[in-house]
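Below: the structure, in structure tokens.
Which chain is which? They are A, B, C and D, in the order written, and residues in each are numbered from 1.
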Amino acid sequence: MALMTGEQYVESIRKLNLNIYMFGEKVENPVDNPILRPSLNSVKMTYDLAQMPEYEDLMTAKSNINGEKINRFAHIHQSTEDLMKKVKMQRLCGQKTAACFQRCVGMDAFNAVYSTTFEIDKAHGTHYHENFLKFLDYAQKNDLTVDGAMTDPKGDRGLSPSKQVDPDLYLHVVERRPDGIVVKGAKAHQTGIVNSHEVLVMPTIAMGPDDKDYAVSFVVPTDAEGILMIIGRQSCDTRKLEGCPLDCGNTEFGGVEALVVFDNVFVPNDRIFLNGETEYAGMLVERFAGYHRQSYGGCKVGVGDVLIGAAALIADYNGAAKASHIKDKLIEMTHLNETLYACGIACSAEGVKTESGNYIIDLLLANVCKQNVTRFPYEIARLAEDIAGGLMVTAPSQKDLESPVVGKYVEKYFRGVNAVSTTDRLKALRLIENLTLGTAAVGYRTESMHGAGSPQAQRIMISRQGNINGKKALAKAIAHIED
Amino acid sequence: MALMTGEQYVESIRKLNLNIYMFGEKVENPVDNPILRPSLNSVKMTYDLAQMPEYEDLMTAKSNINGEKINRFAHIHQSTEDLMKKVKMQRLCGQKTAACFQRCVGMDAFNAVYSTTFEIDKAHGTHYHENFLKFLDYAQKNDLTVDGAMTDPKGDRGLSPSKQVDPDLYLHVVERRPDGIVVKGAKAHQTGIVNSHEVLVMPTIAMGPDDKDYAVSFVVPTDAEGILMIIGRQSCDTRKLEGCPLDCGNTEFGGVEALVVFDNVFVPNDRIFLNGETEYAGMLVERFAGYHRQSYGGCKVGVGDVLIGAAALIADYNGAAKASHIKDKLIEMTHLNETLYACGIACSAEGVKTESGNYIIDLLLANVCKQNVTRFPYEIARLAEDIAGGLMVTAPSQKDLESPVVGKYVEKYFRGVNAVSTTDRLKALRLIENLTLGTAAVGYRTESMHGAGSPQAQRIMISRQGNINGKKALAKAIAHIED
Amino acid sequence: MALMTGEQYVESIRKLNLNIYMFGEKVENPVDNPILRPSLNSVKMTYDLAQMPEYEDLMTAKSNINGEKINRFAHIHQSTEDLMKKVKMQRLCGQKTAACFQRCVGMDAFNAVYSTTFEIDKAHGTHYHENFLKFLDYAQKNDLTVDGAMTDPKGDRGLSPSKQVDPDLYLHVVERRPDGIVVKGAKAHQTGIVNSHEVLVMPTIAMGPDDKDYAVSFVVPTDAEGILMIIGRQSCDTRKLEGCPLDCGNTEFGGVEALVVFDNVFVPNDRIFLNGETEYAGMLVERFAGYHRQSYGGCKVGVGDVLIGAAALIADYNGAAKASHIKDKLIEMTHLNETLYACGIACSAEGVKTESGNYIIDLLLANVCKQNVTRFPYEIARLAEDIAGGLMVTAPSQKDLESPVVGKYVEKYFRGVNAVSTTDRLKALRLIENLTLGTAAVGYRTESMHGAGSPQAQRIMISRQGNINGKKALAKAIAHIED
Amino acid sequence: MALMTGEQYVESIRKLNLNIYMFGEKVENPVDNPILRPSLNSVKMTYDLAQMPEYEDLMTAKSNINGEKINRFAHIHQSTEDLMKKVKMQRLCGQKTAACFQRCVGMDAFNAVYSTTFEIDKAHGTHYHENFLKFLDYAQKNDLTVDGAMTDPKGDRGLSPSKQVDPDLYLHVVERRPDGIVVKGAKAHQTGIVNSHEVLVMPTIAMGPDDKDYAVSFVVPTDAEGILMIIGRQSCDTRKLEGCPLDCGNTEFGGVEALVVFDNVFVPNDRIFLNGETEYAGMLVERFAGYHRQSYGGCKVGVGDVLIGAAALIADYNGAAKASHIKDKLIEMTHLNETLYACGIACSAEGVKTESGNYIIDLLLANVCKQNVTRFPYEIARLAEDIAGGLMVTAPSQKDLESPVVGKYVEKYFRGVNAVSTTDRLKALRLIENLTLGTAAVGYRTESMHGAGSPQAQRIMISRQGNINGKKALAKAIAHIED
């Protein structure tokens, strides 16, 4: 089948029998739901761009599994060049959607599971890698979107999985059968789940011997029996229901998050990638997190490009573009955004080959990348709000603009430079609002903070990877301190 | 009449015949409108607190005009102690509402107009100060809330008022009659207008001789003929219509902003405080802005207290309160918040007496105060999002929690430490969302940026007030450089 | 005797029989030593300014002990106004010396010992307060400079005083006699010791019951038997020996630090202020540190004024003063410097009366003040280096400028704007070097970091004083979370 | 001859007849001068490391000119891999010297001149590229160190070269002869000049038609007639003369800067690379600056590694290594340092081929790299000072430590953890002092600021390279704003 078109992808999702709840009600037709559709459109963009010749080199790759031309989101990275192209692809998708396009988690899960299963099999004589290759071949050939599901609800952060009052606060095996396993639990903050064909589950932390049932990784269809999704609320979510595109800022694209409940879901043996080898849970988490921290050096940069562009636009529309402080703020925004990109590129260029043959990013630099992502988008957003002016949060609604009674006042009093229509000025302001306070702020701010692990998780990795003893030795040599 | 109770205040607003539009429709009953009511409640708090003995010293003062006990929001500051109490009163109100309580603009306008009219009269032999004293006596005795209206729409920021294509983009006099003037134009971002009895208009920038008609200040009732208000949209505004208090974070208090249109409004002579004396426009702006920049060192600090408290609460509920990085982040939030407070207190303690006898803050320090307010609340918000965890933007709705089908999953999987109910945990998260991304973020973030003047406005004042030549002289003396 | 003139002060120090070592040699005449003299001159400035009518209000006060007019550095603060004047006096002295003028530690020690001894006596029936009053009367009447000595060497930071391998790493009582005590140990980083008449010793940390011998406070003359001082090296210290004032940046003023060794020093009973009451060690430390953290909101601001002035000067001399980025950096430097000042003023204005009757600063705000001092001077220095240009670290020596062979090249090629001499340009650059990298950088940077306690010490106090439970209660009230 | 050993290099410099002045005196034997020798040792390290098999891949390359194995510092980059290796080589050299090793400027000049001369020749039919290839072959085969000299004294920053009162404030051609040109002027801040065999001169800014005589590039031996060097003073420079290695922090390595005067220096035709083609001055500057801004992503990172190591060491020696805030500060230092490295790597990995065939870095990312270098080393230094404690600026001299009278006190009272000698503790502190306030701070701080162009120069380039119009188009597409 090779590559799907965007439309084919949408129809393939329509065919799924997903069990989705939102605002306490079952969503019967998620594909056409006004709140969910923009999120689907973002994933669709990953299919659309792959069809365009100008993006072919970035958006597609040749599979190392079956030799076919596949979407890069399903690719196992074969070189540092592949790792760099991944980041560029993500920046492109961010620029085209100004939102989270969700398909990265699957790609990052593929590459982490690929190398980790290889090493488990080598150590334990298991067949996880073979299982995974079979699934991957299927996913590549059918151009599937796969949700990589890692984050458990976690309950009391002070307690390990097996010590929680409720044993289900981390997903775990509740039954072992000859033909497979039954799992129970949930995964939180799942960005792409409602737009995915399959969900690939991984553990969320390194584990000790007591956590054996929690060390489990597998893949199942998103409409498997026992799976249920509950959509999370986003800031300004219901604006999409009002029929007022102007007020939305970004009407076409978005992203949503869901809690995915696994209520005694059966997993057949050949779809299991980890099952009780607790000592490998940490490796899988570390590698997935590493890849995903790299990802943020692409996707958030692309979204940042749009926000910088919107800020430059509103400066034009306000008649303020020539003020030196405005120019300086746009430079600072660009500087910060490109610093993130530099980190994404650097951890890729410094990537290394794993035992299994695929390439993994430099873990230290990938964590440095993500750590900066927990800071700079906030400052970029702050500067955008500075440039935009207060109107970005006090502008009236589209309905006011269109009102026969008060529309003329809105039209008259919210005009900036005379050459630009009030409507265009409001569009630019609403886009900035969307990215700094609205639905997209969830992705651009809070998920920049917590996605792929909260800031402290990166600091722990930076501490581990920073070779502080090597640095002490350097200092001793210079200072002539003998051991 | 002296002090009104909160209830009396609400009823007094109900009696007004305000001309308010929202979502393209006229709001027939603003007092009970679910979107507007929380904003009214915030102002109501300024009346409620003034009734409470424990806050009497902060919330009330003895009028220098009529000797009566009045609400401090209507007071003319008689000492640096008064200036400091003002800041403390604002912090208190911020703590009690976690929102903008709006009544400061009137207080700051009172004090700026008080001293400026005194000086205009002295120079020009006009009677503005007398006019103002008469109005103030009325406002104090009736315990009125007065909106101080300064910010014009401004159109093209590169052009002065009289050079705009549309002359109405700055409010101006369109007709001069024997008994008064007729004005036209609008004031944007008016936070308290829908909850005010009167609106006191001031010019928004220093003016040159060409801008004579734009140099105008006056007060009129908010339901005067020709006045019309259009409510601005806030992030998450319509959540208040859903009947789901849990999703709102702060159900009781809020703030809204409006565009106030003056469509040929008549102002009688005895309510005019400036009329064509262009050289005093700058002084009035500078003093109002100075007082209002001081204000932010109180009100935003109070809101910050709530946000810090909410972050500490969710750390407890997550089971993460003992982690050293969490404790350190709470310290940093406190440190930044108290730095803002220190600036508010310092510009008050360093206040000086004006020619008219009231006290004005130290202008340099007040501008320094506000400049910090354009930065630190953003960092405090970022740290709150860090501590909260991603759930603050991915938690399901109240309707999901209450659903007979999926409620049990929400209840089960979003529990943190076992001792705290999921509902309480969600309440804490929604409060943080409200303050960092929701309706209150408009006030805590974007209005911290632009309220009382955008950051660059403060920098210009810091440059002017910083006595750089005096500093050069100090350096020359130390370096033995002779002139 | 009342107030001494600067010259009388210098002669009074000359009469002391101080036991000072520097570069391994005894300093026979410290008063005229080129490295030490600038430090003496800084203290002398506190005497000179007190003689000048224009500074009388700031520099002098009326003693609450004996009713005489005294130098404010010897004053017990009687009001918040006194606390504010203290900060202003320190800013003035910083502006006049661009260095540490050292006399604050004594003043801060006086005020901390004053209130603490009062409370100890009340609890224990001791006579420490009476002892202290007697000494203070003497110090005030003789206009003495007193070194407040707190910081012990501390050895292994992981161990308490009594657990150190060497018991002397914290100063302690080694013998108790009927007429007094004998102490042993040392105090490190003593900035004013070589210019002081007396040294007032305090413990450096809160103590437990095991540390009884370490809980000791007293005052002795700086030339008491058993006292020995070893001068610390400063960056660029020996430039002062070269006879090339141009290269020094600030030839007249400076500050030095010393280790003061107490080698079995006898302290008579009436000069003891604490002796074994371990539970009061913490109070004394906290109060002294609080006053001293306030101090930094004055003195460092004054030095900052000089640095800002020097940066503005070199911008003029470089012909760069009109560049918008230069202007903006000067604004930022001013903003940061005034933020520090605001903190100094605020903790003073919010001061409260102690049981003993003197005034103490608001401890939370004083710690916030110092915490900012550990950050902003570094950024101000960075901006100064930015404005100055690389020449500040690559300019040739005064000897090159004066060389018959190469002087003409220096003169020619290091001229900036034509109207300013190369010598003046170099003077301005050397002053910036002095403050950012040279002798004064020790005071402006590293001692801003560690003086009055390292940053973490303030964070612990901010945590303690920040009333986090009160803030949680505010958040609960808003979120309607019931206990 | 191929690669020289370090010793051979030193002897080759000894043979030069350099005309060096310091402290107003001619330096007769620079090679053995205690102030200059550490700087020579740093360059020597680039020869020593190239002899070591473990560093062969980083330190050497195969010349594209003559096929020989050469030192990478003389290499023309043939690939992005070469660009990345350059950065790694620089980090290594920084780690081994904790100082500026100076040889980068020549390497960066080579690569900029290589591509620019190719393009000039193509446009103008000149022979600059041929001239340069001939020189380069000679430099490679003789393993020469070449100083790249760009920065003119610049006089009044508000005036262009030809508008200065003194025409020599930018280096220029004063005579054109058949066999060559005569130049006059100077280059400031030359870090490697006294340790170089040749000096390659380039213009310092883009030029207009009036500046024809200033658009000149050439290479001459450092001991050519008419060349004279005046050494700049560094903080703590004369400590190296005291014979007290402990007080120096880093006794073996350093860097010095000099003003190089060109007093009517003759340049033969075949050593000229630009002569009046003003429109190429900008390209040459931009490319050299670009390469050199990349360089800082390597060398300063290496120095940063030593400083982080020293901070970790002193934390151990102080007994504070387990404190969570200390660990967190070391993580932050590492994070910032690696962010710089990421930028250095990223601009290399994103390098592109020039028309001449060599590779040039991505200019946007190289400028982003350097912009971060103007910030992060300052913060790393601040954190190092925080961890070190005040003793780093108050410790007595080596002479005190060795004094028969006071040595015992120094030994006793400056011991940290008992297991580490006081001497080792002082060594670690002095190294931190050296890097943050001493001779090495000149390189690590101020030259991080101004080397390869001051911060504003990078901001201008970021503005130019940031494609703000492309970003506006992205925003318009998302917001559905039509042109």
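By definition in this document, contacts are C-beta pairs under 8 Å (C-beta built on N, C-alpha and C of every residue); 3 or more make two chains touch, one makes a residue touch a chain.
Computed from a predicted structure; not experimentally measured.
With contact taken as defined at the outset, chain B and chain D are each touched by A, C.
Where the sister copies chain B and chain C meet, the same residue numbers recur on both sides for over half of the interface positions.
Annotation: A-B is the more contact-rich of the chain pairs A-B and A-C, by number of C-beta pairs in contact. Chain B and chain C have Cα centroids separated by 40 Å. If each chain is reduced to the centroid of its CA atoms, chain A and chain B end up 38 Å from each other. Annotation: 52 Å between the Cα-based centres of chain A and chain C. For chain C, residues touching at least two other chains, in rising order: 325, 328, 459. Against chain D, the residues of chain C that register as touching in their complex are 21-26, 151, 153, 155-159, 165-166, 168-169, 186, 188-189, 228, 230-236, 238-239, 242, 247, 257-259, 261, 318-320, 322-323, 325, 374-375, 378-379, 382, 385-386, 389-397, 399-400, 402-403, 405-407, 409-410, 412-418, 433, 437-438, 441-442, 445-447, 449-451, 454-456, 459. Residue ranges of chain A in contact with chain D, taken from their complex: 80, 84, 95-98, 245, 249-253, 305-310, 312-313, 316, 327-328, 330-331, 334-335, 338-339, 341-350, 364-365, 368-369, 371-372, 424, 427-428, 430-431, 459, 462-463, 466, 468, 470-481.
Taken together, the chain D residues at the contact with chain B in this complex read 324-325, 328.
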